[in-house]
Structure formats: C-alpha cells, structure tokens
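Heads up, the next two complexes both have subunit A, just with different partners, subunit B and then subunit C.
This part shows the complex of A and B:
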C-alpha cells in the first residue's frame, strides 16, 4: 500500500513522524519531491484564487502525487499545542483539496486536535492507521517509532543540520545523542536570523534559495528550529497575551530571543502573500524588533510570481547594511 | 588623470557619470533605456568618449540599477552594486549628515534611513507603481502637459483636489472624474503630486522615522511639485542635490573607486571599444530538471561571454569550462 505525503506545508515539521508511523505499519511512503515550476503551475491552476502561496504549493504537490498513490495523507491539523491553533486555511485543507482537485485517491484526513486530550488523540491516531490496520497495539508501536524519529530529527535540526540532511540521517537510523550545546553561531561571520513558516524557510524554490544566498554574502543563518524549543517556549509564555496561532507564537518568541540575546546581526522575516495570520504577525514582530533593539530587520513577501531580481536586490542591500553597521 | 565610471541602468533611464579622485563629476549623461539596455549603454559609452579629455584614464567601473549584471559583464565592471547602497553612498557624499534618502525613479521608489553615516533601514516599493516616475509620465501625457511643466503647474494651484493615490488605476479614474467635474488642471496636478507623496510615505516610508536632513533624488526629484508636496507632508526642508538624476551612477562610481584604491587592483574595464562590440543575447529554457529555468546567454562578437538565470551551477559551469578551453 502506497501512502502519499506532499512535500508542502507541515512536511518539514512532521515528516519523520508520519513516515516512521506509516512505514512501521508496513506501508510504502511516497513523497512528491521538492517544489519546482511544475508544482507551482499546478498549484496556481487548481487552488482557489484567494488562497495563500503555501496552500497553492500544497495543491501542486498533491496533484503531482495523486496518481501515484493509494492514499493521500492530508490530515486536518487543528491544534498542535495547548492553547493555540494552526491557521484557518490549514484547518480547512482537506476540504479545499477534496473540492479543488478531481480524481483523488482516498484522503487520510484525520483531525488532530491537541486541545481535546489524550483519549481523542489516540482515537485520531487509530483512525489515521485504519487503511493499514485496526490492531491498537501495532498502531501504538508505530506511533512510538514515529515519535522517536521526530525527536531525533528535531535534535538534528537544533544542531544546525538542514531538514534534508536531518531526514537522511533519520532514515539511516540516527539515534538521539546528548545535546552538545546548540551549534555555536560563532561571532566571527555575520549571523542572520530567519523568521517565518517552515514551509517558506525550507522551500528553496519559493524563497529563491534564500539560505544559500545569505551564505553567499558571507552570512550564517539561524532558524527557529536551531533554537532549543524549551527556550522558545519560555519566551512565548512570557508574552502578556500570547498569539492565537502556533506559528505566530513561535515566530514572536524567536524574534524576542534573537533580539535579547544579541545573537544576530540582522533578522529577515519571510511572509507569504495572501497569508492572513502573517499580515498581522509579521507586523507585530516587525514592530517588536524595531522597538526592542538595534537589530536590522527586513520583511520579504513571497508570492508565486515574485521575481528573483527584487529579492536579490533587497537581500544584497540588507547584507551591505548589516556589514557596514557591524564595522561602524 | 584617473576617472571612475559609474553606470546606472534603470527601467526608464540609463545614467552614466565619470568622477575624478576628488569625487567631482566630470561628465554625466542621462539617456532613456527604452527597453534596450545594451544599445543604450553602448551609445552612452560612445558619447562619453567624445566628451572626455583624451588624457583621462578610466581606472574603475561600477554598475548599478536593475540592469547592473548585464551591464557589468558588458563593460567589465569592478563593482556591481544594488541601487540602495549606491544611492545611499552618493547622498552621503553630497549631504554628509543626511538621515533620510527619498529616491523615486522610473519604476521603483525607495527610502533609505541613515544614522551616524550608516544605513540602518531601507525599503523599496513592492508591486505598486502608483508612486513612481512612469505613472507621472503617463498622467502628464494623458493630460496633455509636458512632464517638465508638471511641477510648475502644480505650484500655481491654490486649491488642490484630493485624489486617491493608493493605486495607479484608481488614481487615474479619480483624476478623470475630477476633470469632468470641472476642476482646473493646476488643482488636479497638485492633487496628484500630493497623492503620490501620500502613497509613497504610506507604503515605502511606512513605519520609518524620517528625520532631517532629507535628500530627495531620482528622476522625479526634478518635479518641483513633488518636492513641495514632500516638504508640506514632512514639515521639513527637502534637499535636492545638484546631480539628483544620476545619484545611483555617482554612487556606483564612488564604490568602484573605493574598491580599486583598497585593493590596488587593475580595473576590469574593457575600454571604450565596447561601444563597437557586437553584443547579442539569447535565452532558452533548461530542460535539465523540472525547474525549467530560463537561461540567458550573452554573446560578445559571436562568442559566448556569460550565462545566467539558472537556479543551479550547471550553466555557469559550462561557461567556465568554455573559458578555460579558450
């Protein structure tokens, strides 16, 4: 049985969990590969006009994957932590996909809602396993396998591995190592903090290879996943009124952490055109960064036809500015 | 005597300057790009050769603007720099204590914030062209007013009309409406100037602390109506430097000089002969992977000089190999 997992949206956050889970249940896991021009074209063609770029990208991946699999994994992630939600479009994702794309294989569209407690969560996990087994013990074992994979993956990300490297090491059977202190950013080169959703930061196609470009200008990149989650959690709960969306919370916490620890020479925030939460979160984060410190900040908006030239010009000017400020 | 060449290839105009070691502008040219950057740069170089004294030697070249990469390969640039840095460097030279640079060009506009001589923040217009030179050009043409007259007409207005400046399309229909209502041309033009400034300050200048001295440069700074509208809106004097229209080119030339002097390198300038070279560009879609990058090829006198546009190194590598063989 082939289960298809699109390489979009929460892929970079949870893939090792899902993959470990379904493999342990005996399925073959098929992914759609990195985003490319075909994916974007498919997505723009089939997604609702008003939706955001990341959802369009998800549509593109799904359409590419659909003919090759028996089931499409497209869960409804309602809430992934206590007291916060994912965004409305992600809540409605399975519905949008079902309405928008013809000839789909059956969807695994289980709702995951962490606010509803352990019992409901277990029910959801069993439901997600239904195409493969109804044996609760097998499901439990598979879930544990998935979770341990996820833990290793996140640890590798904290150590500064790229998601691609971390996934490969996970697959090769990497085990949890003792944290050797998060990879020191070293103050010799320029260090640039990158904020945004994982699906913007790690999708090299839609962000025009931002990380490599920053490195090309002599900068080192630090992302949310490189900061131990406990630290971000501490920052997040200190907020007087925490943000409603998980991703927004993480971004806000990250921004505060970067500003107060003087770890970075500059902060770049990636936002997606058409993203509802970003239109507010990006603004709040920007104000916070500007108010708190003297860390240069730049907001980059990504959309499907954003020319590379505009992004490169801004990035080049930003790196010039950061470098001159450091010297001066 | 040494001269440093700065070339700013923008969407609307191509500006070329030559400065000397004292940063004095020896000559400056302002040409319309007209969608043909290669031909215009060649034309500029030809004119430059006629204007410059024969004992002047070009010791460094800098390019900037949206055509900077292409031009850089073409003329052999020592520095290829983005417009923001180039404009800031030039503004700082003419007004050393500048804290804000407003720049409005043909198709984009930017703001640069400096403190203590260092750029601390900047912004560029994103997708909207409502606050740029081409929009003004178009409206002037539609009203049948020479763009050179635009500013002076605005100053004669006693009672500017309010025009929606948030979008070029809406602004235009709003202006037509105001014309049909019988408002005078002067009032409409001044209203348009104010709308453009409002749009600029709300979009590009959003959230920025605009402190004096404010320097206003770029082609639109020629428009006295816009200058006055900025002064009214900001409540401060706005300085328009003498070479406001070629500041990007001056900045590029200054950066080239800086680099040459720091590294004591020879310039990579190909000489005035570039105006005679047969440049050609071509493009194709790479089929190596699903990204389908559009690769641009640049030929000099029939031989491949450069390729760009790919997301990977594939075509740059081909080019390097070719260079090694040659």
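This part shows the complex of A and C:
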C-alpha cells in the first residue's frame, strides 16, 4: 500500500508524525519531492486563480503525486490547538482538491480538530488508519511512534537544524536529547529573524533559498521553530485578542519575542500573495516593529511570479543596512 | 460620546435607530463613496479584503464629522472579519485618530456580556428602553427586507425600472426617519402598493438568477457596483439568498442562543462541502444547489478579492454547475473592479442564460410533436 504525502502546507510541521504513523502501520510512504517549476505550473493550472500561493503549491504537489500512489493523504486540519483554527482554505482543502483535480486516488481526508477533545481525536486517528488496519492497538502504537518521531523532529529544529537535516536524523533513529540551548547563541555575527508560515520559510523554491542567502551574507537565521513553544505561547496569550489562526498567533508572538529580547539585528517577514491571515498578521507585525523602531524590518511577499533578482536585490540592500547599523 | 459604525448596505438604518433610541449620539458615516474607497485603499494593507478597506474609509470620514467611538463587529474566525477591529485599531492609531472602540464579540451564550457592553455605551439605560429600541430596529429590518424583495421581483417586470428604484429610495429615506412601529408598517405597506401599481411590461417571464456570496459584497451596492440594479434593468430577476434580517437572525440571534439555523442550506451543501469554512462559504455552495433545484436559470457568485471562505466556494461551484446543469459565474470584486469589465461579463452571462432558455423551450416543443 502506497500512501502519498504532498510536500506542501503543513508538511514541514507534521511530516515525521504522519510518516512514522503510516510506516508503523506497514504502508509505504511516498512524498512528492521539493517544489519545482513543474509543481508550480501544475498548481497554477489546476487551482482557481484567486486562491493563495500555498494552496496552488499544494495542488501542484498533489497532481504530481496522484498517479503514483494508492491513497492520498489530504487531511482536514481544522484546528491544531485550543481556541484557534488553521484557515478557511485549509478547512475546505480536501473538498477543493476533490473538485479541482481529476483522476485522484482515494483521499484520506480525515478531519482533525484538537478542540474537540481526546475521544474525537482518537476516532479521527482510527479513521485515518482505516485503509491499513482496524485494529485499535496497532493504531495506537503507530500513533505513539509517530508522535515520538515528531517530538524528536521538533527538538532538532529547536536546536537549529534545517527540516531536511532533522528529517534525516529522525529517519536514522535520532533520540530525544536535550542538548543545551540552540546552536550558536553567541552574538558574533548578524542574527536575522525570519517570520512566516513554515511552508514559506522552508520551501526553498518558493522563497528563492532565502535562509541560505541570508547565511551567505553572514547572517545567522532564527525562525519560529527555534524558539521553545512555551515562550511563544506566553507571548501569544498576552495579546488583547489572541489570534484565531494558529500560525498567525505564533508569528505575532515570535515578532514580539524578537523585538523585546534584543536578540536580532533584523526581521524579515514572509507573506504569501493571496493569504488572508498573512495580510492581517504581517500588517500588525510591521506596524508594531516599526513603532518600536529598534529593529529593521522587511516584508517579502511571495507569489508564483516573484523574480529571483528582485528578491536578491532587496535582501542585499536590507543586509547592508542591518550591517551598517550594527557597526555604527 | 459620538458613536459611528461601518456601512453595509442598509444596515445603518436599523443600527442608527437602535443607538439613537438608547439615547446615544450617532454619527452615520457619509454613504460609502469614491473618497471613502481611496482613503481606505491608501491606509489598508494591500491584500486586505475589500470590506476592510471600505470600513477604514467610513471611519475616517465619520471622524471628520465628529465621531469618537467606533462600534464594530468581532468574531471568532476563521474569516478575517473577526480580526478587522484589531488591525483597524492599529492603523487608525498610527494615523493619529483617537477612537474609543466597542467591539461586539459574539456573546457565546452570555446575554449578560452584551448587556455590559450596552451599559458601557450608556450607563443610565433601562431594560425597557433596550427592548423598545431593539423592537423598533428589528421592525425596520423586516420592512427593509420586504421592500427590497418586492423591488427585486418587480424591477425586471415594470416598464421603467428606474421608477421602481426611485420608489425604493424614497422608502429608505422614510424608513430612516420613521419612529414608531405603526409608522414603519405603514411605510412598508405604502411602498409595496406603490411598487405594485407601477406599469408592467409584457413579454416572457424574466430570467431568474440567484445571487450568492459573501454578505458584505452582496448587501453593499457600492462594493458590488449595484449589480442587482444592473441585472434588474437587463430584465433579470435577482433572487438573493441573504437579506439583512436572515443574516442577523442566523449570526447574532441564533448564535447567541447556540442554535443552528439554515439547516436546509447546510444539508444542500453537504455532498460538496460538508463543513463550515468561515463566513458564508458553505452557504454559497448550499444556496447554489437549492437555486438549481428551484429551477433558477443561473447562479451569480460574488465576493471580495482574496476572500478565503468564498475561494473555497468558488473552487467547488463548478462541480455544482456540472451536476445540476446550471451555469454559474464568480465575480471577485475590489477597488480595481472596473465598471465596464463587470457589465461586459454580466451581459455575456445573461445572454448565455437567455439562449439556454430558448434552447430548452425549443427542445420541449420538439418533444411535443406527436408521432415523432
């Protein structure tokens, strides 16, 4: 049995969990590979014009993967934490995919809603395992395997590993170890905070290898995944009205954390064209960071047309400014 | 304290009545116009949704008229509306406007919470006064909806559609000024009579088009470039799914009482979109299905550009179209929508519907030829 997982949207947040889960149930897990030109073209062709870049990318990956698998993993992630949703388009994603792409293999489109409590969640997990087994003990064991993989993965990300490195170490059987602090807390080089959805930060094709480029300019990158979730949670609940989008909530908290801890020399906010939450969150973050006035800020809007040269020029100028401020 | 609130179609009529009857000073923003649009666009995030931008314009223009307090709806998502007020606050603050905010978050079953908010507006208010004000405002909502429904029905059927529109406009003014339930009812009856008595034109039954989509764009003629009037003049009967009263009933009253309304719509949407996706996304799909079942000629789906729930609906509507053999068209509207572009698309859509109807008639006649 081959189960396909598109490398888009929440892939970077949960892949080790899903992969661990389905492998433990005896399935072969197939992914669509990193985003490339074909993926983008497929996505632009298949999704409605008005939708956001990330959903187009998801459509592209799904179309690429569909002919190669028996089942397509396309869950409906309604909510991943209490009091928050993901976003409307992710709520409607399986329906959009089903209506928009022809000749799909059967979808595993289980709804996951973490606000509904353990019983419902457990039912959802069993539903997601249905193509493979109905044995609840096997399902439970597999879920635990997945969860422990996810925990190791998150820990590795906190330590500053890239998702690729972390995934490989997970596969190689890395264990949970608390190595003190994230790598290189010393403040010798420039430190740049990158904010945005995981699928904007980690999709190197979409953001034109932003992380690598910042590092090339001598900057060290800090992302949301490198800050312990507890800290972000504390910042988030202090908000007058905590956001009802999980990713936006984290993004906002991260911005606050970076500004108040004087840890960074600059902040780059990534936003996707057509993303509803981004349009609001990035606006508030930009206004707050600018009002504070201590940290240089740049908003990068990503879309399927964004040219590499434009991005590089802006990044170069931004890094120059950050460096001059540091020296001056 | 001078309270203002954003426009949404005729919403200002009942809301201003309600607030005035609670002995508050009300500043109704000037009707949404080109200037509110450019002010809103200038100061809003580029990819914020269209209603957000028009709200900002309304607020700035209300401030010029002396408003100092904003009454705004809240929400719990996942649609952006629930976070409008917070972002608008940041923007207006940076612009130097010093507003007080009263944000009506859905009261999650606490009627006391709502009461507290009302007391914050006016400390000396009594329960009796509140009930009276609510009744009067609600009566206005009902009258507005009745008049508007009659207008949509008659506009394609009268000789001079502009006459019908003029009668409707006059009734809006009268309803705005009316104080007293008897007076409101009298205006309603009078307007309906007046509309009925307009000279009718003969000819075939008008085409019927269902107008579905996001509530603000559906209700606000400035945002939808008066799409209903345009269609009416083309001889098309607009069958709108959502009226102000329905929206208030399902979003404010039933929600507060934790009841779920509109089950038939959700039931109809089920095979295509079996889930609430925020805003009116699921309703748009459901109403499209219901319209097809009722034998309408087409479905017109309108929404602000980048509206998340309606993009989900837009992706799914082609499937409804295919299964029920009913044409549908989505128009995404924002500050860039050009009148000519919209008119051209509307005309093409209406032509298509008319031709289909003609073909259907021919088919029926062919089938009726005996011995064939």
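General remarks:
The working rule: the second predicted complex is superposed on the first by the 324 of 328 C-alpha atoms of A that agree within 3 Å, B and C clash if a C-alpha of one lies under 4 Å from a C-alpha of the other, contacts with A are read in each partner's own complex, and residues count from 1 in each chain.
By definition in this document, contacts are C-beta pairs under 8 Å (C-beta built on N, C-alpha and C of every residue); 3 or more make two chains touch, one makes a residue touch a chain.
Given the structure is predicted, the values throughout are model-derived calculations rather than measurements.
Judged by the touch definition given at the top, the superposed model places A:274 against subunit C, while subunit B stays out of reach. Using the contact criterion defined above for the overlaid structures, shared-chain residue A:245 touches subunit C, although it does not reach subunit B. By the touch criterion stated above, A:325 is placed in contact with subunit B alone, subunit C being left untouched. Judged by the number of subunit A residues each one touches, C leads among subunit B and subunit C.
In the superposition on chain A, contact of A:205 is made with subunit B only, not with subunit C. Of the two partner chains placed by the overlay, only subunit B lies in contact with A:38; subunit C stays clear of it.
Shared-chain residue A:134: touches no atom of subunit B or subunit C. Counting contacts by the rule stated earlier, residues 287, 301 of subunit A appear in both its interface with subunit B and its interface with subunit C. Against subunit C, in their complex, subunit A makes its touches with residues 47-48, 50-52, 76, 78, 84-89, 91-92, 95-96, 99-100, 111, 240-241, 243-245, 273-280, 282-284, 287-288, 291, 301. Within the complex formed with subunit A, the subunit B residues making contact are 66, 81-85, 116-122, 124, 126, 207, 289-292, 311.
Residues 45-49, 74, 76-80, 82-83, 86-87, 90-91, 94, 272-279, 281, 305-309, 311-312, 314-316, 318-319, 330, 332 of subunit C are the ones touching subunit A in the complex. Against subunit B, in their complex, subunit A makes its touches with residues 36-39, 205, 209, 286-287, 290, 294, 296-297, 301, 309-310, 313-314, 316-318, 320-321, 324-325, 328.
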